[in-house]
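Structures for review follow.
Both of the next two complexes hold subunit A, though its partner changes from subunit B to subunit C.
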Partner chain A sequence: MKVTVLQENLARGLGIVSKAVSPRSTLPVLANVLLASDEGRLRLSATNLELGITCWIPARIEEEGSTTVPARTFSDLVNTLPGDQVSLKLDLPTQTLNVRCGTSTNDIKCIDAQEFPPLPVPDLEGAVQINSGDFREMIHQVAFAASTDEARPVLMGVLIQVEKDKMTMAAADGFRLSVRKAVLATPVPAPVSAIVPAQALKELARVAGDGDEPIYMVLPKGRGQVIFRVKDVELVSQLIDGTFPDFQQIIPRSYKSRTLVSTASLLKACKQAEIFAREGSNVARLNIKSAQGDLQPSEVEISAISEETGKNETIVEATVDGGGLLIAFNVKFLREALEVIRTPNVALETSAPNAPGVIRPVGDENFLHVIMPMHLG
Partner chain B sequence: MPTRALYNGAMPRTILHLDLDAFFCAVEETQNPSLRGKPFAVGGKPNERGVVASCSYAARKMGVRSAMPMSRALRLCPGLIIVPGRHRLYSEVSQKVMDILHSQSGLVEQISIDEAFLDITNIREDPERFARGLQARIRDELHLPCSIGVASNKLVAKIATEVGKAAALKRIKEQGLAEPPNAVTVVPSGEEAAFLAPLPVEMLWGVGPKTAQRLSELGVHTIGDLAKWQEGDLVRLFGENGRDLSRHARGIDNRPIVTERETKSVSQETTFAVDVVNERTLEKTLRGQAAEVARQLRREHLAGRTIKLKIRWPDFTTLTRQTTLPSPTDLEDEIAATALRLMRQVRKPHQPVRLIGVGVSGLGPPVRQLGLWEKDNEKLRRVQAAVDALQEKYGSDVIHRGEELP
Partner chain C sequence: MPIRLLAPEVASQIAAGEVIERPASVVKELVENALDAGARTIAITVEEAGRKLIEVADDGCGIPSNELELAVSRHATSKLVRSEDLFFISTLGFRGEALASIGSVSRMTITSRVKDAKEGARIRVEGGMAGKPAKVGATVGTIVRVEDLFYNVPARLKFLKTDVTERRAIDSLVTRYALAYPEKRFKLSEGKNVILQTAGDGDRRSILAALYGVDVAKQMLEVMAEEDGYRLTGFISPASLTRSNRKEITFFINGRWVQEVALNTALLQAYHTLLMVGRYPLTALFLEMNPRDVDVNVHPAKAEVRFRDQDRVFSFVQRSVRKALLAYSPVPNVAPSLWGTVRTTPSEEKSSSVGLDWAIGHDEGVGGGRLGVGSDQLSVNSDQLSVNSEQVIVNRQSEIVNRIPLMRLIGQVGGTYLVAEGPDGLYLIDQHAAHERVLFEKLMAQHERQNIPSQALLNPEVVTLPPGAAQLLLNQLPILSRFGFDVEEFGPNTFRVRAIPILFAGSDPASALRAVVEDFEEDETPLQNEVEARLAARVCKRMAVKGGQTLSSEEQRALLNDLETCESPRTCPHGRPTMIHLSVDLLERQFGRRGAR
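Coming up: the complex of A and B.
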């Protein structure tokens, strides 16, 4: 193999695939990045067997070929090279990659590309197609609610359901649930339902970049995998096996009290409360005060107390429809939900101190977030 | 960090010690006025080896005392009414008393469910009038009697309460009555040593039966006798403790009021008579310890996030391993499961164990995150509440886990 690439492109490509490198695997080749000439471009791939990322960068191919190069050594080296042409030349018998740029020349010991696990090639025919900006926002609004507890693998994933032109993403960690819907430009012929690891989706949101190109999603039959393609990047992830709990059933259908507040004010109050709450059990108390009369302004008092550091109390103006209520939430959950809401106002629907609270952006029917309260003993 | 009142030992202080008279019984009387004036005791049943937790003044007149086996109490006082304890209620009422104390002074140190110290140095009112006012307020608002001692330090204030109580009870007995002492005793600054001098030396903190016997051999019977000894001689005889003995005997005690809850952790440990290899025995022991720790937490209305396992091998090397849970717990099963997991991480199969223990720290109020789906924990919690209620009412032997049976 003999190819020439721009340092800038190579560095960007390595940055994209590096998250899938598995430096401490029992399989040494997983600590490497696959380099392969591929129809006039250079293909970079990395995988940890759960997640695989491939990226194609422009290259001048003088001699076809492939090898796998240790990711850490190669990335560190490329990042220090000048912004110039980099020539990569493989000595096949010794599997040594000569990396030459400017006055610098380096020989890196590689592992034969034959040992690298093959990554699936997607058939984009019949792929689910969605605008990349929308998809990134969906991931941003949902994936954070997934669990990190390995004891419940299903909850470490995000449920993606597509039916006709409607797509739904949902994640829950047992204490909160995030649900986001979107409409697709092109309807799908057959319904899709899969649980994708939240980590893989977060990675996808990162590598998809800021552009507005479509993201294609393919679920090859019977493989237990999902493949995403955006621009010159492909990401493949194992699906999580199992049944996602029926989330529709836990979304409250009614409420006793609906509190309308400015998203920014409530978020700020939560951030302040969290400074004190984080020392203890993360509890913030919300004292929702009922209005004196119809359409009269009211308020929510957010407070947190710590035996060690002190206490905090913030009053946020609100329009309260229904009765007053004292309810406690894990303030981190509240803050994380408010942080992904884009609308200027938000509604908090509550019924009782031990019943789930629902957060909805005002004027956006596509998102909702359910948080279970904390019991104050 | 507990907050301590700044005190450099130079400025005279005024410390008030408050002790609720026959507290559990007094609470029971507020709930059931027909008990008033009758001989009754709060505690376990005699056939369950129950003991007297608290007894009414009518029962005391017959010779019944706290910590006495209930069977003996019944022999002394055949008409004794036995009232099962309701500890949750007592802690609630205790909290109300403490709230009153906190409304008077920011420097309150609760030392038990029915006792507290207050630093009232900054209160200008005459100490005796203040004490009487406080006593009246607790009687009026909560219908509870209490005795109070006031002095320039904690040691003398607490002894003043005891002395006042004893004197009042003697007087009441002579009148043929049975009622709470309601005593208020003030020891003016400068008169501490004189006040203590005639009292038996056992009334001092740090004088247990052993020290008392040694002192008696030296001809020391009263605190006044002890005060005559040189500090250096007492240090020679009793080590470091001798310094405290000497100072306390002269009515000197510079310990500040410690205002925060001192419970930082709750733990249990067991040293085995013979090193244990059997995994099931270890499991059973840990489970029992977890149950006790959990019970103690619930009794104090606390929950903790950090579970700690302590294990000692036959060669005396001791390991501790801890883990932090996502939210605080006061549940036996959660503590036991975590401790067992920690044990399996450190112990190789068949490795003998000399000591094992479990503790919970990172304590705070028992707040818990409710789950979207898991009703399991709620169910467990309801079972636990029922078990707690049964055990509180009928003693801890009334209900057991199946696996604890022989």
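Coming up: the complex of A and C.
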């Protein structure tokens, strides 16, 4: 193999695939990045057997070939090279990659490309197609609610359902639920339902970049995998086996009290409360007060108390529709939900101190978040 | 004071104390007798955790009416004739003590009929005094009724644990015997409730399910190994299934339940590196061997045994268990490398105890062979320090007078240790460990005043527990809400969890419920361990001063003062020592002012 690439392209490509490298594995080749000439471009691939990322970068191919190079060594080296042309030349018998750039010459010991696990090649025919900006926002609004507890693998994933032109993403960790809907430009012929690891989606959001190119999603039949393709990047992930909880059941159908507040003010109040709540058990109390004539305007009082630190109390103006209520939430959950809401106002729907609260952005029907309350013994 | 012979009833009560410690020991002796009698069905009934009544009825060979009177006297047995037989014991009992011992501490009635006799006979023994046998109608077999256990030994009665604990001891004993003898039918009732009933069809896994619940029983791995005269069968838990104590490690040797340290060590070695520190497997293992190779006449309750060739037994058990573990291991190509270092000395576990660490540190620190003597001298301190590793986090339990003397601060060494003078010598104090202790106790005190907040679940979770644990939880259900749980009964042995304590948020509700049941099983304050572990971690990572941090003399003095007011100032929350004491005596000897004693 003999190829020439631009340093900045190579550095960008390595940055993209590096998250899938498995630095500590019993299979040494998983700590490496695959370099292969591929129809006039250089293909970089890395996998930890659960997640695989491939990226194509422009290259001048003088001699076809492939090898795998230690990811850490190679990317550290490339990041320090000058922004110039990098020539890569493989000595096949010794599996040594000669890397030259400007005045710098390096020989890196490689592992034969034959040992690298093959990554599936997607068939983009019939793929689900969605705008990359929308998809990133969906991931942003949903994936954080997934669990990190390995005892319940299903909850570590995000449920993706597509039916005709409607896509729904949902994640829950047992205490909260995030649901986001979107409309696709082109309807899909058959409904799709899969549980994708939240980590893989977060990675996808990262590598998809800021552009607005379409993302293609393919679920090859019977493989238990999902493949995403955006621009010149492909990401493969194992799906999570199991049954996702019926989240529609969890969403309350009615409420007794609806509180409209400014998203930014409530978020700020939550952040302040968290400073005190985090020392204890993360509890923040929301005292929702409905208007009582002229004397008492409707408002929400957010408070947190800590034996060690002290206490905090913030009053946020609100429009309360329905009766007042005192309810407690995990303030971290509340804050994380508010952080992903982009509308200026948000509605909090509550029924009782022990019933779930629902957060909806005002003017955006596509997102909702359910948080279970806490109870102070 | 003149020496005299003990009155016979006192002597027999003393002897009984060796065998009959608690209601469960009575059950054990009687069940073993029934098994020795060749019973196929054994029915056990207890009332008030065995204090009021223990009745064991079997359909075994029975006792002929003319031998009844002899049967209840000491050293009377049908199982052993000559002393040589002692080395070839194939029955569970042989000492001829059980009935006599039980009879001397209770009101016991034995009704029995042998197969060919027309009628049965009954004898009553009260506090060791046997009545005359009377003829009665009876079915074939023996029924032993033990009433008012320990009524004449108030001291023993006082030392019994709570009813729940005693009942659990009986439950677990009977379940384990049922497991060892799957071909026998066991029935255990408490009053009118049937706690356990086995079919006697030889299926061990169904009994395992009764012991641990279906979920756990399904996960258990089967062991089956045979090698020159030894046979090991039974079940072990995979590495992912563990308990925080060794109580669920069960060994049977030739059908006898034993607590043998060597076997436990062999087992734990097989799990070596697969389990986290402080986690233990669940096992029910049955070892069979030639009775000549094992001496069971070591311990009055026969809980300990001696092997003719201990090393071989040890390595057989260890290899067999390891083989079973690895065979089921999900990543077979990784596991062998975990076994790079196999044999560790049995004493290795102990080395984590504080006392030992301290001694080593001391020897290295001051150097010189003569210090061996020094550390003897200092062992008064190290005794106080050697809170054993299980209790380490629960220092609260060791509320012995553990305060440290008032000290005069001298200064800081290496930015890590404080040097202080006490009334009896020099103290070196680890500033990080000391600060950890101070902060830990402060936080614990704050914590005790608070209730634990609970976090509701999106989807109530249904958890099935093993019958014993379920019963326990059911009794404690009312107080569980104080600890942040919202749990309701949802069918036999099944519970629905609606809310869990915030401490467990982020983990599986089922495991949270199991953790609290484990606490109940150990008679510990529920969640105390979790609370303490969390606080200890927080204190260590985020709040305490680190080694290598220079402190001003005001800071040093404040730390020393705070440490003096601590309840357990000598160890940090993780169990490491906070201080080393160099006594005046030691200093004198080290400087040759005084000769070594």
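Going forward, the second predicted complex is superposed on the first by the 372 of 377 C-alpha atoms of A that agree within 3 Å, B and C clash if a C-alpha of one lies under 4 Å from a C-alpha of the other, contacts with A are read in each partner's own complex, and residues count from 1 in each chain.
As a convention for this text, contacts are C-beta pairs under 8 Å (C-beta built on N, C-alpha and C of every residue); 3 or more make two chains touch, one makes a residue touch a chain.
As the structure is a computational prediction, the values presented were derived from the model and not from experiment.
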Fit-or-clash call for subunit B and subunit C when the two complexes are aligned on subunit A: clash
First, second, both or neither for A:356, with subunit B first and subunit C second: both
Contacts of A:324 with subunit B and subunit C, given as first, second, both or neither: neither
Touching partner for A:152 - first (subunit B), second (subunit C), both, neither: second
Subunit B versus subunit C as contact partner of A:177, first or second or both or neither: both
First (subunit B), second (subunit C), both or neither touched by A:15: neither
Subunit B versus subunit C as contact partner of A:252, first or second or both or neither: neither
Among 92-100, 128-136, 146-154 or 164-172 on subunit C, the segment whose C-alpha atoms clash with subunit B after superposition: 164-172
Common ground on subunit A, meaning residues reached by subunit C in one complex and by subunit B in the other: 172, 174-177, 245, 250, 280-281, 283, 307-308, 328, 330, 354, 356, 370, 372-377
Subunit C - residues contacting subunit A, complex: 333-334, 337, 443, 446-447, 449-459, 461, 481-484, 486, 499, 502-503, 505-509, 511
Of subunit A, residues touching subunit C in the complex: 26, 147-149, 151-152, 172-177, 245, 249-250, 280-283, 307-308, 328, 330, 354, 356, 370, 372-377
Contacting residues of subunit B [partner subunit A, same complex]: 1, 260, 301, 303, 305, 327-328, 364-374
Touching residues on subunit A, where the partner in the complex is subunit B: 172, 174-177, 245, 250, 280-281, 283, 307-308, 328, 330, 354, 356, 370, 372-377
